[in-house]
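Common to both upcoming complexes is chain A, partnered first by chain B, then by chain C.
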Partner chain A sequence: MRRGEAAVAGVILEHSELNRILAHVAGQARLWVATGEGEEAAFLPYRPGIPLRRGPGPTRRTAKEIFFPRTEALFTFHEADGKPRLEPAKVDDGPLVVFGLRPCDARALCLLDPVFEDPLWPDRLYGGRRARAILVGMACSQPSRACFCTSVGGDPAGEEGLDVILVALDDAYLARATTDRGAEWLEGLGFSPAPPEAEAAAARVAETARRALAAVPADGLKERLDGRFEHPVWDRLHERCLGCAACTYLCPTCHCFDIVDEGGPGEGVRLRNWDSCMFALFTLHASGHNPRMTGKERMRQRIMHKFNYYPERQGRPACVGCGRCVEICPVNLDLRQVIAELEGVEA
Partner chain B sequence: MSVNALLRETAARLLAEGTVRLVVGWEKGTLPLRTTPLLARTAEQADRLVADATCDQNLAVYLTRFKDEKVALVARPCEARTLVEYCREHRASPDRVLAIGVPCTGMLSRRALERRLSGRLPAAGRLEGDLVICSGEDWEERLPLTDLLEPVCYGCRLPGADRYWRVLGESRPPAGDRYAELDRFRQMAGEERYAAFCRAVERCIRCYACRQACPMCYCPECFSDRSAPTWVGSSDDLSDTMVFHLTRTLHLAGRCVDCGACVRACPVGVDLRHLHLRLGREAEERFAYRPGLDAADRPLVATFRPDDPEEFIR
Partner chain C sequence: MNPYLPHLATIDEIIPETASQDVKTFRVVFADAAVRASFSYEPGQFAELSLLGVGEAPISITSSPTQRGYLEFAVKRAGVVTTALHWSRPGDHLGIRGPYGNHFPYREMEGKNIVFIGGGIGLAPLRSLINYVLDPSNRSRYAAVSIIYGARSPGDLVFKWELDAWQRRQDTELHVTVDRGDEGWTGRVGFVPQVLMDVAPSPANTVTVTCGPPIMIKYVLENLEKLGFAPDQIVTTLEMRMKCGIGKCGRCNIGSRYVCQDGPVFTYEQLRQMPAEY
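So, the complex of A and B:
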């Protein structure tokens, strides 16, 4: 269990204190912070003076990259005395802190966990990073115009997956631990308890954010998609799609990958690279046959995986409503609109 | 009659009369100041067509998907230049594609707007004459469109009117030197240029939005997707990512119509237009070849002319 039992009282963290605290944390753990604005907003390793992100909504690039990087060596291999030797990649399970992720990104990691931490086939590299990671989130006080987290079970001040949640007040942050691990971490930093009015102010921030969010008709989508694999709705939905992977690579829950070997005679490395169901190459067989011949089958796969297959296995959609795919699609093919169109689908 | 009204009427008639089966154009998008491609098959759908400065995809990219249908393409100079190359490369024929010329005075740059708004994302926006009006919950900005145009629009080259089936209005792109960006880049020292190139390529996540948005990247199988043999690795290795971008650049030498669709499609802000410009300038200066403009019947790399200005061969 990651979550603690007892609710912990909040503490007050002055804006001016933040850099000192982060420098302190960076001395004890590998620290990633949300930095940059607009299309440059991403998680980067902390360095003194790094500008912390302020902008609305989530970062352009996701926190999944910290745990499931775009490229990762699984093992190296070489020949020694005429025999093949394997050297597994070293598991990085040192202390790790991620600072400034939005509740949607933390929730997305909880959706990746059952995939990579399946009891039968646990992924030791992903699991290693997750094992000791402390996620310090920043509640969304100003959602982006494309955000729809509350329509898919999230919340701008959601705590799922976070160990500590910060809420930006006028002149300080209210920090609250949401797990025992978070409480321990926060205690080590030594802050003053928050006055009751800070809690009330934080509740108002969350409520304002909730009100700013548009509703998307995602309720019951799983059931509507059951048995709709051959429905004519798919014939047109994909037409504008260019077939790039911007939506899936910047999606915090998309997790498909490809395994390739790179190297030369006598040695090499096996890599796991991100892959995308939107690519024709994704399902191309060695024979030349491709079971997903056109954009129609590929778009259907993306939507069905998020809103039907994943919910079938895990009980909720593989979408946290962060709105990134909406914002970055080169042709403005809007997932919210796709969901709305699927709402009208009859048997 | 406004351009949009003319466009809708023209498209509706073409569809109703059965002259074309499909009109490829734009309609209002779901985000402020955005449009999305519209593939209209009925007169009713054609009534949603728009053509203004917020249209920022190159629509010609869709033509290769409808090779056997008679299609009308809503075309600005970007699309018209692409169509010239498509005809030359046998991707389309003028008797199958009717280009409906719509006037263009330059595209609104989403990046320029974002910079100008210092991170504020408009919740609403519209064009009013030469003004971009956008607003959030407690703010409104009225900005001149001419300050917020795409870099590719400056010095845009207009194909001749005979490139269109019909022209609904005159394009007046902003004046400027289209090689200005290239000159800025070339003034940097070698290491500085290389460092800038590395910084751009490091950002790339290999989502191939640039390739997919590019109308001239229509290969059924891209070299970067080949796995037997593997021409370029698919990892985040910097040199592999460089090989992808540089090879794409070379494959577009003398073919790139400088529409900038690749730069606008990139979700993480990689801008390598100067590489394409550089090779475009080579094609122009060395071989007097201007992609998308001249009606030469063969592509640059398939052409030899005794009078090529080939002073680089000694």
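So, the complex of A and C:
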């Protein structure tokens, strides 16, 4: 998605107008909105009167779930006259709008794209949903206590992956298209141009949010981790970890999955379900051999994949600093502290 | 496309390999004539085999691309899918998707001597390349071919029906060994790495291709180094737990590599650059 010519001038959207607009959008596309607060905050299909989320930081559950659901059918099968027949899952590529995701979640989708849409084996189940999706983001005016997006290349008002970005001002939103597709979408809704002071107010909101963010020493982490696979730091980082994998389930960039059959023989479905490298069974061979025997190897895998292996392939870390893993961890194993500890890793 | 949708195939023949029948070779034929014609693969690639309602497992293709019209998979009974597969009969249906992964560097090996070193079911992926190289249309492009193959006992040897054919060839040297013989065994007794030292192939203009249990690989690698082989002259193929086979599900990740796409074939030189997590 590219920034278009039209994507410069902002428009003003009154708070009171929002529900009317969303109802209009829901008539044209499948619309997901950020709703709920605290631990309940998630994306749900729009319905009239659904409370839009206001709280700090990102939703507890990710926008990833819209494109890569926790469980989804790959195909169904049934046997007729002794012969199996396969029915591939329908590619869902209709118009789709996601409203209210934070810039970190939009960036996370950009990090998932090369995994699911690599040229050799494009995954149309994911790609179909992505193809026509319009992502309408809500800039972070107040980060959560666990947020650290600016330390890993993000920004509370970051535009990457978004088609439209909204900034909450006192009594209105400043809406700005960041792609041609977003501009077209926004134009169709018909708003008044924003006065110059709205832009300045939006810039102040972003700056306030930036100042509220903790800095985590993630610069150069990829290089520091090169060749550190056997470093003693791994012996202690995992010690508190229970292996519950909640961090990976809430992570907007984690993409590991399992493939299982349900039903059958005769009739059933092949599903893909989220899985996690933090589980002992994840890499267990049928022979009984397991290359990642203990929590040490599994914690190392999670950290190395995000901060060394993924960057090696894609040029940047697979972490957007959303802080969800920090918030959810039952033993307060804080990724920011892990990163800080890795800063001290000597060559 | 939906990359998870398998092609349907029918089991044509099931060949029991080991005495305990814990390894069987399945010869399968695609149901769709168009798939039969278009499915092409290279030695060393694998496929996801599935039984509908049971699940999928990644299995190396043991037939050679020079064998037309069918695929062969040698499957050891180990987990849920392979156990169910062992219960199937000729005429039963399978799902197959693939081929996946890289392949043995058979073009780069042209003009060279090849030493195959296999242990147990580890012969299965090597066999695809062996029969490719031994095929009359390809044999002249390769120099001397020798095969060192061993198993725990005579009953654990696989492809015995083919070992005899390889043995009879003038252009191939075959050394079969077992860890422990039995009353009927008149062949060689000894571990594969020791037989390798006895055979002592010269590293000059030679590539070795090895696959077998981890303990065998460990000593084979040590002994190849003693014989003067450089790490880039040693090729092996890794086994990892996999689900998708197409670099997405995350399971076979080792360092920045995915065994399903960047492997399963690696040189020892490449393996030494990777974390030893396999």
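By definition in this document, the second predicted complex is superposed on the first by the 341 of 347 C-alpha atoms of A that agree within 3 Å, B and C clash if a C-alpha of one lies under 4 Å from a C-alpha of the other, contacts with A are read in each partner's own complex, and residues count from 1 in each chain.
As a convention for this text, a residue touches a chain if its C-beta (ideal position, glycine included) is under 8 Å from a C-beta of that chain, and two chains touch if they have at least 3 such contacts.
Model, not experiment: these values are computed from the prediction.
J.: Could you tell me if A:R61 is touching chain B, chain C, both of them or neither one (first, second, both, neither)?
T.: A:R61 contacts chain B only, not chain C.
J.: Which partner does A:D258 reach: the first (chain B), the second (chain C), both, or neither?
T.: both
J.: One more residue to check, A:C277. First (chain B), second (chain C), both or neither?
T.: Touch partner of A:C277: chain C, not chain B.
J.: After lining up the shared chain so the two structures overlap, which partner does A:S144 touch, if you call chain B first and chain C second: first, second, both or neither?
T.: The first partner, chain B, only.
J.: Report for A:P84: first if it touches chain B alone, second if chain C alone, otherwise both or neither.
T.: So A:P84 only meets chain C here.
J.: If you lay the two complexes on top of each other, which residues of chain A touch chain B in one and chain C in the other?
T.: Of chain A, residues 258, 260 contact chain B in one complex and chain C in the other.
J.: Under the definition above, what is the set of chain B residues touching chain A in their complex?
T.: 29-32, 34-37, 39, 57, 61, 111, 114, 119-123, 137, 205-209, 211-213, 225, 227, 230, 233-237, 261, 264-265, 267-269
J.: Show me the residue ranges of chain A that touch chain B in the complex, using the header's touch definition.
T.: Touch residues, chain A against chain B: 37-40, 54-57, 60-61, 69-71, 144-146, 212, 239-240, 242-246, 248-250, 258, 260, 262, 271, 273-274, 276, 279-281, 326-328, 330-334, 336-337.
J.: So in the complex, which bits of chain C are touching chain A?
T.: 1-6, 8, 50-57, 78-80, 82, 93, 95, 214, 239-241, 243-244, 246-251, 253-256, 261, 275, 277-278
J.: Would you tell me which residues of chain A are touching chain C in their complex?
T.: Within the complex, chain A touches chain C at residues 74-75, 77, 79, 83-84, 86, 88-89, 91, 115-116, 118, 120-125, 229, 255-261, 263-266, 268, 270, 272, 275, 277, 282-287, 289, 291-292, 297, 301, 304-305, 308-310, 312-313.
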